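Both complexes below contain chain A, partnered by chain B and then by chain C.
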Partner chain A sequence: MTASAAPSERPMPQRQMRRRRNLAPYLWILPSLLLYIVFKLAPMFAGIYLALLKWDGIEQPEFIGLRNFARILSDDVIGLALWHNVLYAFGTVVAKITLALLLALLLNQSLRGRTFYRTALFLPVVMSFVVVGILWSWLYSTQFGLINSLLTSLGLGMLAHDWLGDPATALWALMLVDIWKWYGFHMVIFLAGLQTIPVELYEAAHIDGASRFQQFARITLPLLQPVMLVNVTLALMGAFNVFDIPYIMTEGGPANSTIVMALHIYIRGFKFYQFGYAAALSYVLLVLVTLIAAIQMKMMSGNDAN
Partner chain B sequence: MFRATYSRRNFLRYSALTGAGLALAACAPGSMPVAPAGEATGTAAAGSAAAGTGYQGKFVILSLATPEQNGPLIDAIQAANPGVTVEWRGLTSERFTELFAASEVAQDQIDIMDLNGQDLRRYAVGGKMKDLTDMSFVERFRPVGVETYTIGGKLWAAPRGGITGFPFLYNKKALDTIGVTKEPETYADLLAMAPELQKAGYAPFVHAGKNIYLWPIWQFFAFAQTTGNKPVEMTYKTLSGDMKFTDPEHVAALEILANYANDGMFIEGVNSLDSDGAWLAFSQGKGAFWYEHSWRIGFFRQGDYPQLDLSLIPPLRSVEDANIVRQLPGGTGDATGIYANIGPERADLAVSILDLMTSDEWVKWRNDRDGDPVSTNINVQASDDPLAIKYEQECAPNQFTYLDWFWPPEITRSFQENQQAIVTGDKNPQQAAEAIQKVMDQLFVDGYTFEQ
Partner chain C sequence: MSESTLLSGSTAAKTGAFAAGKSMRSERAAIAIGSHLVLIVAVITIVYPVVWMIFASFKSQTEIVTNIWGLPQSLRWENYSEAWANANMGFAIFNSIVSSLGTVLLVTILAALTGYAFARFRFRFSLAIFLLLIFTMHAPTPVIPLYLMLVRLKLTDSLLGLVLPMVAGGLPLAIFIFRAFFQSIPSELVDAAKVDGCNEFSAFRRVIAPISTPAIATVAILQFVSAWNEYFLALILLRSPEVRTIPLAIQVFFYAWGRTQWEQVFAALTIGSLPMIILYIVMQRHFIQGLTAGSVKG
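The block that comes next holds the complex of A and B.
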């Protein structure tokens, strides 16, 4: 080796190499992390500050401490909105999960045109909420709607109804749309779960004389439990965060019969310009949804342990 | 001593510090909305500023309309002011406040504010608009527009566009079918012809009840009648706390709506009918009357509707007193004004551009584009359509400002919800009035004050 050898050709000290190696993963995730901080964490913390303000977007913000949170207790609409969310969760989760499971079981068989059915049933999931909302509004229309026309043509005219205009049926009509929009999503998750169950288990059960129902009850359902809980968790969280369908189809009406928490927050924030109060409500909803998710996680971990 | 590796703990620590720094930067006072105009609300430069104010560069107009809708106007502004580039930002009505607030927080340049008339009060009272009281070209506007945009004795915006409102549209074919040749004047007239209309397959009234923002218009015209044609004055009194929504005038107005519902005047499924559905029902001969905005005149002219022969009347008189004038609610075009904190180097230019935007030539262009029946400018004939002329002669003289331009949004929403409840039969007018007053009481508790 001569003295003129360039320093860059010298082998890198081991310590420096180790440092670079250790630093590399962090550098790789740094851009995503910065984006996460700027677009998720920072707004979340800024939102907490906003919840402590009285601000209409025009006049100077006024710091009012926890008054926005205290005010939630005297908000007449919150109880109603939460109750609608609970009803929504109950109605949609049970129906979506049941329907999705049944369809997944069906489409897990070797059927002719199976791929077509899977695609067709999944299609509503990828449709825009606006399209779905408008489409179903027209289907429900009293004047021009297919649903009432169909009922009438089947001789069931007495069942024709102002589905979205009657406070007694409006929320249930929205739930049906939600079920239609999302069952395909849950079906695909169930399908994925079903395909992880070893066929040998069914063969062994068959040899042991187990009926189809016994195979379903003793093999399929228990092994689908983790997938089931993921599905239920997602459906529940979706039900408590629902906004698009009521916003597009009824705007919370008639007479607040379809008001839900997210829509109530939107109205407070962007119709009443009570940005601070809307932020406070959002954190209450966040806590609520987190609690529900935590309960689900607990159940999941319990089942995993078993 | 230099550490050779970054532990996860340290990495998270530095990340957290970075995040906190960013969050603090985002929350820093400098990024909060700037102070209210205060000193900046001096009167606009008197006199119609000519082109060539010396400023060259970007000029920002925040508007409800899109730049695509205003291409020729933007070109004209730029041609009149060489070196000026107009940045026309189209913020939708729904998101105007949100995007305006974002612009202010970011300290973006804002020069002209082209607002929905409904929103002017909030921006003017909030100190965001420049006082235009001494504007030299104020004489070109119809007085109703100037009055509408005068708050607290000061003019905050120029009325730009059309004077429009909500007449009762009706289908002449429906009335011809049942042999009625004279236009109805009272609710009793409508009630008398309703059975015949229904027999002929017409619902007496179409209404887009799903669009809840359309319900308060029923209260506006009815309240004008129950207050002896003093809807605005009584609204001022109510919002100032000198009157309540449970007072007889308000309840009686809600009762008028209840009568329409209880007497079966509305088309089946009224609460789930949107504007498109209502138009379909009306244009296909399923309804005889429709309480709808005057812009439908232009819309009607552009299509072919064999089942519809459109005409219009002022809202029907629904009170006993025959001396009551059949007033209708309406608006007076966009509220186009100057941002209070406009850079001083662009203040004269803004007046000059406002002058151009509200000139007869460009308001006429705007009227033609939007099919307005009546122009905000005295010397502009917006339309020679017979229906527009009918509107100008029979409706516009008795027009008053939409009351929800004064109401706080909480009251508007409360009316919407409670009027729907009246129509569905879930509440009676008294219960609805009490619910609305409860919202008003809460607003007063929260410090609401009303400035005339």
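The block that comes next holds the complex of A and C.
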């Protein structure tokens, strides 16, 4: 590369040089790209072929065309699982965003102990879902759990409940755990967004006589829109990919009341060894999550254009 | 408001402003108190369950169900020694450290090189490759083909087989972070190093890498926490007790012993999460910055 200063006296070496220089960047990205292709993209594409097979992993695979995909349409559980993902997405996104935004607004004041509050509320983010899930299974337990014990001591004993054992409440109980673990994360992102809003805007609005609510609705919310988009998308994708909490806390039960897509795929694949069908199922999830990501990208670039 | 009323009413306006200032001050105080109250309730609901877990890990089996809320009456350290042995926590901690550090090392080095190339070089398809990484990053990998491929490669039941998919999963965001960081470094720095006889790679290694600690810390923390807590891949890939990582070891222990030896389960939960919690508290600023970096900049 140092020789590039000498102009075209000897054309051959220079052309070689240019070719080498053009190849050099690929060497920098090659190791990452190889790993990514082998362990991420290859399964994503190889799965399409796998989805055309009937295979239990032991016997000879049998090519059955699109029958696995046709079977998706008549699968009783998949509708339920998708519905639970939708409910889960709705509940967790609304609760996480509301809580996170509210607390971020509180923390955006000049308040004593801000760092303490922020650190404490972010704490569950660094814990694994295994620990959190087992801990909460116990908190929800009928007789010895903190939740029922709290309700009883507040004189609300009649509300004490087998939260995870009742199909009517199990999914909501799992959502609460997810909200508990993640809203501090979304709060920090909102907080970062709030801190980019110039104080002068509020001062000007105040002089013009805008109420606090008007300031929030006219200044804060519009300017938070990009951050809001990030938060909603992350929470949405998390809700559609959710596996750890329902697997650890309820295994999809009772009576499939907490079955979700990722769990359904896992059970088909690793409990019933229906590899082809499970592969076909993963594309339902893949397409859904990719759609969400695509919509976000589209909206992001729209934001930039403005 | 006309000029005359403004002038004639100046004293009235002054006293009015004074009263308004007073009420505003008390309004501000009320808001501060209200904010603290809400925040304290939020903090209690977040922190108390974790503290409760640590309390329970020192209680006896009967004390956990009789003394639900309080401090442990005595510290039963034997919960820990029993849990340590029964849940194979020694292996688990070792495996978690090896696989997490391995992931951190690989992702940081590979993503730094790639992010640097995207930031500094112009080459064919660079934007297309970059967008492909970003676009597919959140897509859930179909797990069955991944599993069957790792079986074929004889990488199941081994830490390497766990690390490589974790690295692949972590690369795009890390590349994104490094690219943004390197774009902020003036290229004159590298040009100067090249005048001094460095080639592109040695300039990167000697000049760029040493000033990249903020980006390296961000990526390393993000990868460390997610690798340390990775459960799904461990669940499908690791079978033997000797290769289990902490989340898997704890879950297996909970399924086997949770209904009989719950005091040990709480000890295992504490062993499994306390190191990370302490690390987090000590370095909270870096952790929060690292774990939210991709999303805040994105």
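Going forward, the second predicted complex is superposed on the first by the 270 of 306 C-alpha atoms of A that agree within 3 Å, B and C clash if a C-alpha of one lies under 4 Å from a C-alpha of the other, contacts with A are read in each partner's own complex, and residues count from 1 in each chain.
Following the convention adopted for this analysis, a contact is a pair of C-beta atoms (placed from the backbone, for glycine too) under 8 Å apart; a residue touches a chain by one contact, two chains touch by 3 or more.
Just so you know, these numbers come straight off a predicted model, no measurement behind them.
**Q** Will chain C clash with chain B on chain A after the two structures are superposed, or do they fit?
**A** With chain A aligned, chain B runs into chain C, so clash.
**Q** After superposition on the shared chain, which partner residues are touched by A:255: those of chain B (first), chain C (second), both, or neither?
**A** First partner only, chain B.
**Q** Quick one: is A:271 in contact with chain B, with chain C, with both, or with neither? Answer first, second, both or neither.
**A** After superposing on A, A:271 lies in contact with chain B but is clear of chain C.
**Q** Just chain B (first), just chain C (second), both, or neither: which does A:263 touch?
**A** In the superposed model, A:263 contacts neither chain B nor chain C.
**Q** Under the stated touch criterion, which partner chain does A:59 make contact with: chain B (first), chain C (second), both, or neither?
**A** first
**Q** What is the contact status of A:164 with respect to chain B (first) and chain C (second): first, second, both, or neither?
**A** In the superposition, A:164 contacts chain B only.
**Q** On the A-aligned overlay, A:97 touches which partner chain: chain B = first, chain C = second, or both, or neither?
**A** In the superposition, A:97 touches no partner, neither chain B nor chain C.
**Q** Where does A:47 make contact in the superposed view: on chain B (first), on chain C (second), on both, or on neither?
**A** second
**Q** Hey, is it chain B or chain C that touches more of chain A?
**A** C
**Q** For A:245, decide between first (touching chain B), second (touching chain C), both and neither.
**A** Once the two structures are laid over each other on A, A:245 reaches no partner at all.
**Q** Based on the superposed arrangement, let me know which partner A:236 touches: chain B (first), chain C (second), both, or neither?
**A** neither
**Q** Counting contacts the way the document defines them, which residues of chain A are shared by the two interfaces, the one with chain B and the one with chain C?
**A** Shared contact residues on chain A: 22, 26, 33, 38, 41-43, 46, 57, 138, 143-144, 270.
**Q** Quick check: in the complex, which residue numbers of chain A touch chain C?
**A** Counting only chain A, the residues touching chain C are 1-2, 22, 24-26, 28-29, 31-33, 35-36, 38-44, 46-47, 50, 57, 99, 102-103, 106-107, 109, 111-113, 115-131, 134-136, 138-139, 143-144, 146, 149, 180, 184-185, 188-189, 192-193, 227, 230-231, 234, 237, 241, 243-244, 247-248, 262, 265-266, 269-270, 275, 278-279, 282-283, 285-286, 289-290, 292-294, 297, 300.
**Q** Chain A touches which residues of chain C in the complex?
**A** Residues in contact with chain A: 31-32, 35-36, 38-39, 42-43, 45-47, 49-50, 52-53, 56, 64-65, 68-69, 106, 110-111, 113-114, 116-118, 121, 123-124, 126, 129, 133, 135-136, 138-149, 164-165, 167-169, 171-172, 175, 194, 197, 199-200, 225, 228-229, 231-232, 235-236, 246-248, 250-251, 254, 258, 262, 265, 269, 272-273, 276-277, 279-281, 284, 287-288, 291-292, 295-296, 298.
**Q** Which stretch or stretches of chain A touch chain B in the complex?
**A** 15, 18-19, 22-23, 26, 33-34, 37-38, 41-43, 45-46, 49, 56-61, 74, 76, 137-138, 140-144, 162-167, 250-256, 267, 270-273
**Q** Inside the complex, what are the residues of chain B that reach chain A?
**A** Spelled out, the residues of chain B in touch with chain A are 4-6, 11, 15, 18-19, 22-23, 26-27, 32-33, 35-36, 94-95, 97-98, 100-101, 122-123, 126-128, 209-212, 267-274, 277, 280-281, 286, 408-410, 413, 416-418, 420-421, 423-424, 426-427, 438, 442.
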